[in-house]
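Each structure below is given as structure tokens.
Next come two complexes built around chain A: one with chain B, the other with chain C.
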Partner chain A sequence: MTLLGTLRKVARSLLVVLLVTFMVVALLSLAPGSVATIILGPAATPESEAALISELGLDRPVWTQYLDWLGNAVQGDLGTSLLTDLPVTDIIAERLPVTLELALLAQVIALGIAVPLAIAAAARPGSVVDRITSALASASLSIPAFVAAPILVYFLALQLDLFPVSGWNDLSEGIGPNLESALLPAFAIALAEIAAFQRLLRTDLVGTLREDYIAAARAKGMSPTFVMLRHALRPSSFSLITLLAISTGRLLGGTVIVETLFSLPGLGSLVVNSITSRDVIVVQGVVAFIAVVYVALNTAVDVGYGLLDPRVRKEARA
Partner chain B sequence: MTQIDYLDQTGGALAESVPSEPVVPVVRRRRSLSVGLSYTWLALVVVLAALVPLLPVSDFDIAAGPPRTSPAFGELDLLLGTDNFGRSILSRVLYGGRVSLVVGLIAGMAAFVIGTFLGLLAGYFGRWVDAVITYVTDALLAFPPLILLLSISAVTKPSLFTLTVGLTILVIPSFVRLSRANTIAWRSREFVRAARNMGATSPRIIRREILPNVLPTVASYLPLVIASLIVAEGSLSFLGLGIPAPTPSWGGMISDGKDSLNDAAYLVLVPSVVVFLTVFALNQIGDSLRARFDRTAGD
Partner chain C sequence: MHRRRHSLLALAVTAALALSACGGSDDDGGSGGSGGSGSGEPVPGGTAAIGMVSEPRTLDPAYLSNNLTTNALVGNALYGSLVTNDPVTGEVSPSMAESVETTDGGTTYRLVLREGLTFSDGTPLDAAAVQANWDRARSVELRAPVIAVAINITATTPVDPRTLEFTLRTPTLAFDQTIATSALNWIASPAALAGGQAALDAAPIGAGPFVLESWTRGGAMELVRNDTYWDAPRPYLDGLTLTAQNDAVQRFNTLQSGQVDAILNNSPVITQRAEDAGIAVAVPSEPNGGSTVVFQTQTAPFDDVRAREAVYKAIDLDVVQSAVFNGAGTVPRSLFGEESPFYTGEYLSGSDPERAQELFDELADEGTPVEFTMVTFPTTEALAVAQSMQSQLAAFDNVTMEIDNRDFAGAQGALTGGQFQASIAGLQFVDPEPQLYSGLYSTSFLNFSKIADPEIDEALDAARLTADESARTEYYTTVEERVGELYPFIIWSATRENVLGDLQGVELYGTGSVVLSGAWLDE
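This part shows the complex of A and B:
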């Protein structure tokens, strides 16, 4: 039963993957003329446009284009950049580690701040601590990245001079310089995550703390700290783990603003640069990659969740 | 009195045994100060942005004073300072607000109408209608929001129209999901079955029985969605892919000012504060509406 359910979920997400990639490929062929003029710029003539359209294969039916693209993609070929002639997969492989490090670092920072805050707030619902943290959380959920990042740069990098304003030091240059360049952007990304994590975990903790077994543990004379950390935290963290996994996937394409502002060589700035330099093949490849990874991660969470929490398995069967 | 006796099968015993204190406390609707302030701020921004051509401020594209004047009381044009070209920041913030608000409102409303309709169809008819709509929704949701907008802007010329269409596509899936889930919750209720047994057609059932119940819940998410649309529009214009210059936009102003952070931080701080307050106000209003109209909202 569980196996069948898993297979169904995987099949379902494969279908979504096909749809997603089809959308990406179709997007270009929806407007072949405009793609050609965008690439060629003001120097375009009708002849050169037609030549480029047929060179890119945009004059063929969408289905043939898509099947061609898919055939190449499953063999690890996402096409070559119009600008640098490098394979798109190579470009992605070069840019992915930066975005991945940013996303993971941001999640570590977010967890490190959100979990203690959530515990403090849930320990006394309605207390001053609870109200202050929840006010802060709803405020920081309303700070868009393009507002948070420049303001953090202003206060932490320019006024206090704690971090460099922009630039990237690769891990190969040592962990110290690497972290120095990665911490501020990661914190800018983490800001909204902290709030989301704190809210979720606080709500779940408050719910768990009302359970009978918590009252029993307290009645046995266990200290509030022990009850909170050993009895309440783990069963309350399931939704947090789900959110963590999903938002990590989301961050692969969600660090665009921060990467651009700090001029970090990640996937997000790759998309933006490719758009401004009109390299549509790279845009197509990267967008497809990000979307497919996101779907895969969500499916993994969906399936893994059932393995992790026996209660879900039972409910699914009923 | 006779009527009450007739309804009360216990012969009046119930009326006497009802305790003077209600068992479940009456739900007290909190009059929140922050929600009140949010409505005030939003009204202020909307009115000022709508009336800015009539206000005694200079146009957004001409110099109103010396470049990089710090904010100061005195002349209205210079209240929030001037930018690198001496243009009034007050004027640019208000004109920029027009773009953000109009785009957010139109895209939000369009997505609300389209998404609610599709969600009703998917939830009511189920089967292949549901499958098709759900798969397309899931596929759209697989794109991180900004990436979806970026890939649309890769093949189109940035303009008010393409921007609005892109933003509409971006948020349709959220409305589809909400409306579908709510439709499923209502579609097998007794009054819907009664309507069907009385021979009502599907369009009529959807329109007269289900829609009125689904609408408040879905609509209560509108402020939250508009807030996210304003953020998305701001992100695009921050990246230089939104409304083309010289039309000002909040994201564009922050982007223009970010290189002068060191010596003229107000270039970034002023539009940042405006964006934050607007998004925060919309989120507060959305949360309060959701608490009132969405029965599934737990927290």
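This part shows the complex of A and C:
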């Protein structure tokens, strides 16, 4: 990628972050109720609510509130929660490890299952293995997390007692307890990812295996496994890596349902609770954080292409 | 044990859809009801994992609420309680306060503390500390929810280190009930309060049986034994691990799987399932009042009493019960439970479809057909109530009901701001003071229906000023009679709350205020 191209990409990304965070403020300002309602509780009166809203500066125009927040945000200050009086950066730092671990563990599980299945299916397209794995992929893709999670809880937690029903154990409590609490929700998240990864990689592998250089490798007497793993898998994984990066970025803010169902203290549940309690500063901060991470991951993918495929590096130099 | 996540639950919703209080009286701990099979002497030691309904937003006592669903357990654990009351009879018992007595018929009171009370940091819990907390609670600048009751206090004066004299704006003979059932019952160290919310949430200083060790928001709150607790040898437990799950089924699953030792419960369906599974039900409580659908009486169409009566009489509450709780709940026939001395069972009429249709037709003929929207909170039960009522009303002519299912802030804002026609709400109480007064008095913050009836106001005022039970019964009967004529709300379900699990020695006062100073684990 040229310098100009990189600058353009960064500019577009910043615009996305600005638009997304502004939309958060704008949309929350349209929703009924306010954070003052939550703070004041049932004894709120229209007068006391108005006074508190004014004190919090929430009666100012939306764009003024946004610009004030933005001015601080670019200096690394994402503000202070209106509800808990804690710095948003501290709140994110406390919640991020949970969501990050969930997202990464889900991706590891998904890759660990999807890649072998895709290889097996692509090795003999149209075979029984291919048809069965495709059917399973379609099935898991069509089961949303809010259905998969309760089913997994019922069988694996309540009936077989293999995992806790809900809750989270920090890594500080040991890797065993931590994984015990993380595996089931991670698997619930991974289900849909497995299907997407398997289908994508399988399709790319089938295409790659038809290339001339693969035929040449086979003609040289290389084993099918060696050809698959050494010559076909790497060039077939571009789309998978792209999807992996997008998916990881998405999961940082997209584990809401699973975090809620398993009572996990991650970013997803934080955003949901902050939205329902109109803690706009926290919502803005988390959304901005996720947007920046998302953009950064996509940029990393572009760089990753070059590392994986020399042709991309050559094109960039040309 | 394990953790949970967070969610600011809703006072009104949670209160609307459950509550509890319970059983027999205990000893010097002063808590009204006690539970757990409790065979034998308490066994010291162990950490109990408890599943709560919601996580507090802050540990500032002025912002905690004193009922089962909204963190009374946390308030009692960290700050203890000045007084308690029996959840059935309402009889007030001393706890950290030896007495709360009026010297002049309900305007001037003296609160006397036990000798030698200290906060967990060793500083004295004296009259000045109570004064600092209460002056803060009644300050308009703080705007804490407790102001709804604290605003009645006009002055506080320490007479000596153990005695606080205070005066009330409106004479009230049962102000000790107000203390027992509100956040006025919890006293934090004034120095800790002065440190601000974030500092207080990190290290709250109280004189309760437990001390905060750590709190992961959305996760677990770890409390450890307060070795300087005034009521030794309590607490028996070494610590508590508190987590919260809003969803009743999810909470019950954690109990069934052994992840927690006990859960707080406000769902009749879950109570039924627990009984079927042989799980112990401790401190079962059924306070007066219940879960309601409230009509906004100052806004069309419910500014016309005929519209309220029509909807009231169109709804078969047993059908609503079946839809929401599979028939496991109870439809109240009075503002007061059958155990209450004020119970009548005479004035809250049941459904009358013919009369309802007659009124709907009459209003339509006048050009004002009954068309309204019901605001619901984001709970399965609240939505089920609204849907059941909507489907029943669909069988009538000249009435249309829409459902506006909002998140908590939206629904709470509508309720407290009066921006609704009908809404899910709740009105639960042990003694009619102060909740029934607040829920029906014309100028009260908590009178969500905004009903303004001189007869009700007069009866509530009069009942406040007499200690004579027969006179109180007469006044509250008048209140109930007027409610039966004016239809400010529909009480669709009695509130039932309890603690499920193997925790022994659980106690409870007020409307579901759980006390764990006497709790212990069998193993």
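In this section, the second predicted complex is superposed on the first by the 270 of 318 C-alpha atoms of A that agree within 3 Å, B and C clash if a C-alpha of one lies under 4 Å from a C-alpha of the other, contacts with A are read in each partner's own complex, and residues count from 1 in each chain.
Everything below uses one rule, namely that a contact is a pair of C-beta atoms (placed from the backbone, for glycine too) under 8 Å apart; a residue touches a chain by one contact, two chains touch by 3 or more.
As the structure is a computational prediction, the values presented were derived from the model and not from experiment.
Of the two partner chains, chain B is the only one that A:A139 touches; chain C does not reach it. With both structures placed on the common chain, the touch criterion links A:V108 to neither chain B nor chain C.
With both structures placed on the common chain, the touch criterion links A:I175 to neither chain B nor chain C. Of the two partner chains placed around the shared chain by superposition, chain C is the only one that A:S263 touches, whereas chain B remains out of contact.
Look at A:A93: by the touch rule set out above, it reaches neither chain B nor chain C. Touch criterion met: A:L27 reaches chain B, while chain C stays clear of it. Using the contact criterion defined above for the overlaid structures, shared-chain residue A:L67 touches neither chain B nor chain C, since it reaches no partner. After overlaying the two complexes on the shared chain, residue contacts for A:L40 are found with chain C alone; chain B is out of touch. When the two complexes are overlaid on their common chain A, residue A:N273 makes contact with chain C while staying clear of chain B. Shared contact residues on chain A (touching chain B in one structure, chain C in the other): 31, 34-35, 38, 153, 158, 260-261, 272, 275-276. Of all residues in chain A, those touching chain C in their complex are 31-35, 37-46, 48-49, 51-52, 83-86, 91, 94-95, 153, 157-158, 161, 164-170, 181, 259-266, 269-270, 272-273, 275-278. Partner chain A is touched in their complex by these residues of chain C: 1-8, 11-12, 57-58, 63, 65, 140, 143-148, 196-198, 201, 216-220, 243-245, 250, 253-254, 256-259, 378, 406-419, 445-446.
Residues 135-136, 138-140, 142-147, 150-157, 227, 231, 234-235, 238-241, 251, 254-255, 257-258, 261-262, 265, 268-269, 272, 275-276, 279-280, 283-284, 287, 298-299 of chain B are the ones that touch chain A when the two sit in their complex.
Those residues of chain A lying in contact with chain B across their complex are 15-17, 19-20, 23-24, 27-28, 30-31, 34-35, 38, 138-139, 141-147, 150-151, 153-154, 158, 199, 203, 250, 252-254, 256-257, 260-261, 271-272, 274-276, 280, 283-284, 287, 290-292, 294-295, 298.
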